[in-house]
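A, B, C, D, E, F and G are the chain letters, set down in written order, and residue numbers restart from 1 in every chain.
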């Protein structure tokens, strides 16, 4: 089975929700998600973030939906790492 | 449960309390907090700090309150790392 | 037996399929393929990618076919690592 | 208990006592202190030092007193690392 | 016995055979050869490669012959690592 | 007991004794001294060296004497690392 | 006993003997010598090399003789590492 193990997104978000709330919202989408966020730029209304998500089997759809629901947008998918593994492991 | 594991803040603080007292005050807010402080700039009245806090489960609210109580302010939240883990671990 | 262990390709692809779908398609070509993708440049219609594939025994032909089938093209093969190993290992 | 584990000081000192005597004097203030000194600049009468002290539980007061007693002064506290640990460890 | 363990060559080769075929041809010259190839430059007719070969006991002669046979030429031997070891090991 | 564990000296020396003889002379001053020498500059009559000495308990006095006896001079003590340890260890 | 463990030489050599023959000749001078050679510059008649030799107990004399015998010359001794160890180890 091919699973997504790592994802780096370039995200533009409003100041609210703040960085921590934003990460927590995303982390709770998967049982082992580790979400790291770096603020690259900030202006009056928005923040440009580099967002990295790691997990055993990341599901991108709900992540994109949550990002949109929080008023942010994915500028680009910068890195992706997938792995094909035997199903029972 | 989603917990905050690492936090990097850009902080502006007055010279008093000094860096050590400032860190100790923050470290005692959590039973395993490791607080690292780098002084990035200094002028007559203030210091610009990079402050990193690590712990198993960091609670941002009391940290922000303590920073404010010491007359300092959080310029920006630069990095955040959260992890979703099973509750009993 | 000489097998290909690692491959780095410079690839030009249209925006669709997106980076994740593109990687998953390639990863399922081998039972242990690990596919990492970095987006180096992006313009209106295309993305320039660095694509790295790792595995115990990579078969380049089906990878090239899949890349072409998805409307992308291999700009260059940038790195190759092969290993000669005893057959029973 | 919150303890200081690491301290980096920017220090201005006269040529005497020399770097080794200076470090030894500071190291004997704690039972496990490791003191590293880098000379960053030197002019006719003074040396600018980066001084790093590591230990299980560093006590800053006596360090500052010893530095002053040797005719040197702490330019700035550049880095501080504190840790909150259970008392019995 | 003195054996060659690592070799880095700067090689100019035509586009055919391609990088993978070129590496496989070289790797099969020794029972444990690991061949890594980086394309440094490319023009219309040729590629400039950095070629690294690792193995327990590399034999340079056949490597040079194979390179010539494939229409490429060794620009320079950039790195060499040899080791003197007891014969029975 | 506070002991010197590491010392980096900036040394000016004549061409004779040469670098190896110079290092050996210093290494034999302590039962476990490891002496590393980098030649930073060289002119007609002298060499500027970075000299690093490591050991369990380095004694600086005899090192300085040996350096002087070989016609060289310590330009500066660039780094010093001392450790306070229990006496019986 | 003080022994030489590592040696870095800046060497000027003619094109013949080539880099591999040159290294092999030097490696066979000690039972465990590891000789690494990097070509730093090359002109019509000569190569400038960085040559690193590692071993448990390197003997510089025969190395210098072999270098001279092969028509090359030691430009400079760039790094030296010696260690004082108990004789029976």
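Definition applied: a contact is a pair of C-beta atoms (placed from the backbone, for glycine too) under 8 Å apart; a residue touches a chain by one contact, two chains touch by 3 or more.
Predicted model only: the values in this text are computed from it and were never measured.
**Q** Measure off the straight-line distance from the CA centroid of chain A to the CA centroid of chain G, and report it in whole Å.
**A** It comes to 53 Å between the two C-alpha centres.
**Q** Using mean CA coordinates as chain centres, what's the chain F-chain G distance in Å?
**A** Centre-to-centre distance between chain F and chain G: 23 Å.
**Q** Two or more other chains touching the same residue: where does that happen in chain C?
**A** none
**Q** Think of each chain as a node with edges to the chains it touches; is that a line, ring, star, complete or other?
**A** If you draw each chain as a dot and join those that touch, you get a single closed ring.
**Q** Please report the chains around the ring in sequence, anchored at chain A, with chain B in second place.
**A** Counting round from chain A, the next being chain B, yields A, B, D, F, G, E, C.
**Q** What residues of chain D sit close enough to touch chain B in their complex?
**A** 2, 4, 7, 60, 76-86
**Q** Within their complex, state which residues of chain F touch chain G.
**A** Those residues of chain F that touch chain G are 18-20, 23-24, 27-28, 30-39, 42.
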